[in-house]
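Presented sequentially are two complexes of chain A, the first with chain B as partner and the second with chain C.
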Partner chain A sequence: MIRPSLGVRWGAIRAYSKLTAEHYNVARGSYGSIEQSDLDFFKSIVPNGVVTDASDLEMFNEDWMHKYRGQSKVMLKPQNTEQVSKIMAHCNARKLAVVPQGGNTGLVGGSVPVFDEIILSLANMNKIRHFDPVSGVLTADAGVILQNADDYLRTQGFIFPLDLGAKGSCQIGGNLATNAGGLRLLRYGSLHGTVLGVEGVFATGEVFDGLSSLRKDNTGYDLKQLFIGSEGTLGVITGLSIICPPKPNAVNVAFLGLESFDKVQEAFVKSRSHLAEILSSFECMDASSLKLASHHCSLQAPLSDVHPFSVLIETSGSNSAHDEEKLSGFLEALMEEGIITDGVLAQDETQIANLWYWREFIPEASTKAGGVYKYDVSLPLPAMWELVDATNDRLIKQNLVGSTDEFPVVDTIGYGHIGDSNLHLNVAVRRYDDRVEQALEPFVFEFVAKHKGSVSAEHGLGFQKAHALHYSKSEHMIGLMKALKRHYDPNLILNPYKYLP
Partner chain B sequence: MIRPSLGVRWGAIRAYSKLTAEHYNVARGSYGSIEQSDLDFFKSIVPNGVVTDASDLEMFNEDWMHKYRGQSKVMLKPQNTEQVSKIMAHCNARKLAVVPQGGNTGLVGGSVPVFDEIILSLANMNKIRHFDPVSGVLTADAGVILQNADDYLRTQGFIFPLDLGAKGSCQIGGNLATNAGGLRLLRYGSLHGTVLGVEGVFATGEVFDGLSSLRKDNTGYDLKQLFIGSEGTLGVITGLSIICPPKPNAVNVAFLGLESFDKVQEAFVKSRSHLAEILSSFECMDASSLKLASHHCSLQAPLSDVHPFSVLIETSGSNSAHDEEKLSGFLEALMEEGIITDGVLAQDETQIANLWYWREFIPEASTKAGGVYKYDVSLPLPAMWELVDATNDRLIKQNLVGSTDEFPVVDTIGYGHIGDSNLHLNVAVRRYDDRVEQALEPFVFEFVAKHKGSVSAEHGLGFQKAHALHYSKSEHMIGLMKALKRHYDPNLILNPYKYLP
Partner chain C sequence: MSTKLRIMVPVKRVVDAAIRPRVNKAQTGIETQGVKYSINPFCDIAVEEALRLREGNKDLVESIHAVSVGGKKSQEVLRTALAKGVDTSTLVDVGEKEVETLSVAKVLAKLVEQQKSNFVLLGKQAIDSDANHTGQMLAGLLGWPQATNAAKIEISGDEVTVTREIDGGEEVVKAKLPMIVTTDLRLNEPRYASLPNIMKAKKKPLDTVTADSLGVDITPRVEILKVAEPPARGAGVTVETTDDFIAKIKEKGAL
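Our next item is the complex of A and B:
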């Protein structure tokens, strides 16, 4: 079963964002400036991979949500690790700042420059290097697009252990750099467990040759783990090896309507015992999410009524008869015990794709009016939708929400991965407005800190959350992180103004 | 289903080993020596936790295989993290060397001193701190014995994601420190994926407060990963949080006899498609392993004949009817296609326990004649038993193997985790003999390096393999590790003479 990828596309409304540096009043670091001799050197390393045309650079200077805009004058597109190494060694010697960039599908402004950082694009490093069908270990360049990796693996009877809405554009190296979680984490675990090896380049140009493909290797510190989730601040990921699960024979998807978030939690606890080893996704959406998606989509909604909460459950197993029996037993129990009000079970691949569409389209739908403020947080289950309600109330009280143009906010929506206690809180807006941002921050972060959650569950820190890190990490822990950063990147040239406060 | 724990017990034959420092001609580092004022300080911190009696220290100075023996004069038994912090701060200021010790069940001499290092025992830090039955997250002291953690979790409907033969003695902090793999890795993944948080104390006494219990938390570098597998060389693990899987409703175990290792590999590939999500163990033992176990065990062997290879397969699932159907379909296919010669399926918990006994008793059986040389390596599947045969041939050619007392070697055996490409090569001996060691090293390490395997799959480096690290890691990588060690432990007081060359 292959779901249609929504990818991440530039919205129809093209609103030039303000320069990040001006909007947030950031001072440029004491980095070198690019001179002709630097360009000459780069051209000697990557003759066809030096981009300096301003219009060509435009979409790489800006994130896809039009929230952050940098001022880079140069993008480099190396084709192999050796070129990356030479580029980094030069930049380190010249103290030129660099922002590594994958598919540029991030949500926190981590992959675009702030000032004139060199954009180091991995797009031309896009080869599958090796696949072993006995062990299921894939080795590939960092710039391989996730969808391409997954498509290739499916021809071999396997799947990539990670899946997410941006799969049509995002790159697997970027997925590692941001420690992406996505839709399959519940079943296949995090990248810290599935990634077996990382090849990378430190700020100094030193190559990190950690491309092991062994499932077990206890020879020394597991340094590759530091690259996972470091958002290009410790080194540039150029390749990876990862253990991939066999493609499931049977995939089933159900879409359920529920009256309350309490019922959602009851359904989740029940799914753990009834579906256990075949449960591969448990996604939740509130009524506002689904209404927003309906508004921008001509497809018929899965259920005739919009319920306060909708849940999408996916099972992936090896025996379709067994899986269907488990799933129908589970759904019957939910109906009998009054946990769900309504539900539909996909009968074929098209229906499966359509049900998934309603979950995966929500992030895109939230941007359709013009823009979106996105928060990605971990919270204890009971507090998850308290945050959505509290945010909504706050924006209404401040008179920021309405159906006409004078109000910046269209609606506040919540959706997320129940199995991982991961909520995506989105505030859909007609335009970015400082009053909305001020209403949201530090309100959202304080709510999360109060409930001992994480201010970034899976989307990372980037530019947006660098200064919110203290809501989830102690001063001491931040100090340890800064020390590690200096250890590997003494001139602090990699992805500056981001990640750490 | 609870299997009987074999634990790790001191052998009946008590052979004092040589002092590690003398046997391997190691020079003491320039550390401080313990004075009365140090003892006074320690007594002020842990009044009832300062052990100085030589006979009390004996079994903590030596590993259970009688291979390594240190000369510590002091063991400290703190009861909480604050005490560990004060002890470490003092030791760092005084440049006193420290070896953290859990259950002392390691196989590479990592948990015993070499000279007069202070033994820092975690045995008195043995409390379950918290368990959340909705998320399945356990938070506990590092000194909790693995069996106790698992027993507690079973009363809550969950299991610990790690299982291994030494569970009756080993401690969960030590499991993390050595990144133990064990019998369930195939199903539940490695500790890098299941551990959510680590609390630890650095050499300086600084507390590492990383005890997150969030499944997803992308706020900064994942520093806790550095503790996992660092064998007490970067810090002392004092607590941890870990995500635990639900206790499976149905557990089935089959024991199969096969004619060759090729057939074992065929059976493994088939198990991936037939058993898929319910396969929880795929363990292989050769004929010599089983003969050695039979020799020391009064229990009846599972199959009437000893086959060249035996395989133990375990499934763990939520629906016993489904699991039995999958398993019987799998076994029928194996018989029909001539992949297995004989097989038995456990009918009840006692039979399950008895079948597992044959796999878990092998490590202990290998020590019964007096001692054992143990190698734990990763190798590409086809090369796994080539190493066993080559080692056996080599020892025979050097006239070291025989059935009478004049020969040091009893037999060479192989067993391991097929799903993880992890072979345990054991040379059972009547006594430790330098000729055997010289025949084995660097032979075994060179074989592994030639086949791009790992010289330590799951048992770590400790004292035994510190100098073999270069067979699996480059000079550059070792340099990076040494730099990291200096970064966190500037006086190099934590677990010296180990881990790094």
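Our next item is the complex of A and C:
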């Protein structure tokens, strides 16, 4: 049986990406530099967890897109919260800058250093601490890989409330740090709702002991929320507790072909009323996305023709007969009303996995030619594909798109979590080229601001979007954020050059 | 002169191939509650091949009939087969109990007679019992030639050429219709069921008969006493050096 792996594999290392600091002309902050005495101290805290070999550090200095590259000389791999606290206290006293790093799958250049920041890897904090099968609350180290957390939960009859294409590499602490949304937010909600407790260490070394498993707790400010989406700028997440839904007994997946984005919206509105509580995902991809994916994928295409738009619908419920009846009634109605032109319904788990693969493989496919410019935006649905078309036109007009090597751009593709009004606009390129970047920025950000969208729906700000924050947040808001940052990280040692302008 | 094919495709409903079966608490079989069932992957391949034979040559195939021997829920896999393009189907309702292979083969032999089938395409095995002998027993009962583990099927006139998967290579065999062929993994990649076909399939015939009405006695002759998981593998040990490793395997008598 053909079983695609859903984990993210690292592609062959290509020519080195440029150093972020040089390419973007960044000046180093007035941080301390690592000395032998620092290394000796770190070795006394984590004897087997100090990495200094340059070749060992390569893949942790470069991001998943091969777009950003830092120059760190040291990576630390603590095994418990106490070690993290001691490390942070030392770095704070010495003004040594630190980048917390999870699975390094982040898509905005937030997880890799810019200069010689210390990489603080959570990879060795990878234990499930506790699971309560009555409440469904999981308590675990931050460094547990998402797939491992989900596999464990499935043996207990539960699932992790978040799922995304990078599940084989990303860590649940990294997911919290980026407030990742993923493929089923529509159904299970945001991490701001499902996370019940966070254990972390502030920049100063102070431990934040907020590992509650209470569903309801209105005793004061909800401080754990500060960590969710803070992208390693306030503190290091070391543990978390999260409420997990029961594993659905009946899962169905349909893959549909549609003529226009208007029809996609009609199908979405109908899916919410017809499928109601069993709808668990509504993902959309345009023809260019599927064409790009099919260049790099040997699986059978779901539909015989490529339609202008394709939609993947998933239902999750407890009773397969009930769900199938609902779903087939819904799909028949879509056919009869001419909302969809074609479609298939998976008949077994292998087909379900293969249909999902077509959606989940797109981000990886977009990097295969060399690199990708990624924009992850929230937009009102009617404006969504206007952005894709406008971007495509713009790049074509500037003569940047073509099928031969002299053109930097391979294609502009759009896909995303339509159920959450979240579009991924990707420009697949053969190499990173300033002309492309200048054509895209601030064009994309201005378009989003004009439609009152968000310049970062779920990937965060990191290095790429720190300077674009003002397109979505007022000066006042940015001022409040900066004050908060200074309060918890007075020396600004955590993840510098990122997040805030 | 060429004979038109009247194909029969037997299909079985089994625990989905992607799910790890667990032994039930009473240790009488595998856990069936809350478990996803699907068409047996090899049966799915047989359905696909029947459809491709027709698509490859319209005049070759007169009819494709699917059969399932099982409980009421086996209708699901027949609907899947119909949705993929099979013409007609029969459920032989034998209740929820597992039926022994010889009984299944006898039931199929009767239906082959009724349907005047001259080509039976079926999976080499069902992934639940892994028995791998339904096709062979059916060939024995009917006295027909058989080719098992097919990786490629070519039909010209009355002659069927089958490339078989065998240990370490392939074997090409030839026989005349009527014939039995069992399918292996490489034969093809089954299609998705399209929505228009799923809708059409609802109107296609799905007859239900019993083993009794076919005059086949399916009383089991084998009693299952106990089903158990294979013993769990012991935990491994970590060694520090190559010397330790060699010492360890010597200690275990492997060197």
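Criterion: the second predicted complex is superposed on the first by the 495 of 501 C-alpha atoms of A that agree within 3 Å, B and C clash if a C-alpha of one lies under 4 Å from a C-alpha of the other, contacts with A are read in each partner's own complex, and residues count from 1 in each chain.
Simple rule for what comes next: contacts are C-beta pairs under 8 Å (C-beta built on N, C-alpha and C of every residue); 3 or more make two chains touch, one makes a residue touch a chain.
Just so you know, these numbers come straight off a predicted model, no measurement behind them.
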{"item": "Chain B versus chain C as contact partner of A:Gly173, first or second or both or neither", "value": "neither"}
{"item": "Partner chain in contact with A:Asp222 - chain B first, chain C second, else both or neither", "value": "first"}
{"item": "First, second, both or neither for A:Gly49, with chain B first and chain C second", "value": "neither"}
{"item": "Chain B versus chain C as contact partner of A:Gly106, first or second or both or neither", "value": "neither"}
{"item": "Chain B versus chain C as contact partner of A:Leu381, first or second or both or neither", "value": "first"}
{"item": "Chain A: partner with more touched residues, chain B or chain C", "value": "B"}
{"item": "Contacts of A:Gly235 with chain B and chain C, given as first, second, both or neither", "value": "neither"}
{"item": "Contacts of A:Ala353 with chain B and chain C, given as first, second, both or neither", "value": "second"}
{"item": "Contact residues common to both interfaces of chain A (with chain B and with chain C)", "value": "249"}
{"item": "Touching residues (chain side chain C, partner chain A) in the complex", "value": "16-19, 34, 36, 38-39, 41, 44, 80, 83, 185, 189, 191-196, 198-199"}
{"item": "Interface residues, chain B side, partner chain A - complex", "value": "134-135, 178-179, 181, 185, 189-190, 192-194, 206-210, 212, 214-223, 225-226, 228-230, 234, 246, 248-249, 265, 269, 272-278, 316-319, 322, 325-326, 378, 381, 419-422, 453-461, 465, 469, 472-474, 476-478, 480-481, 483-484, 487, 499-500"}
{"item": "Chain C-touching residues of chain A, taken from the complex the two chains share", "value": "1-2, 249-250, 254-256, 300, 302, 320, 328, 331-332, 335, 340, 342-351, 353, 355"}
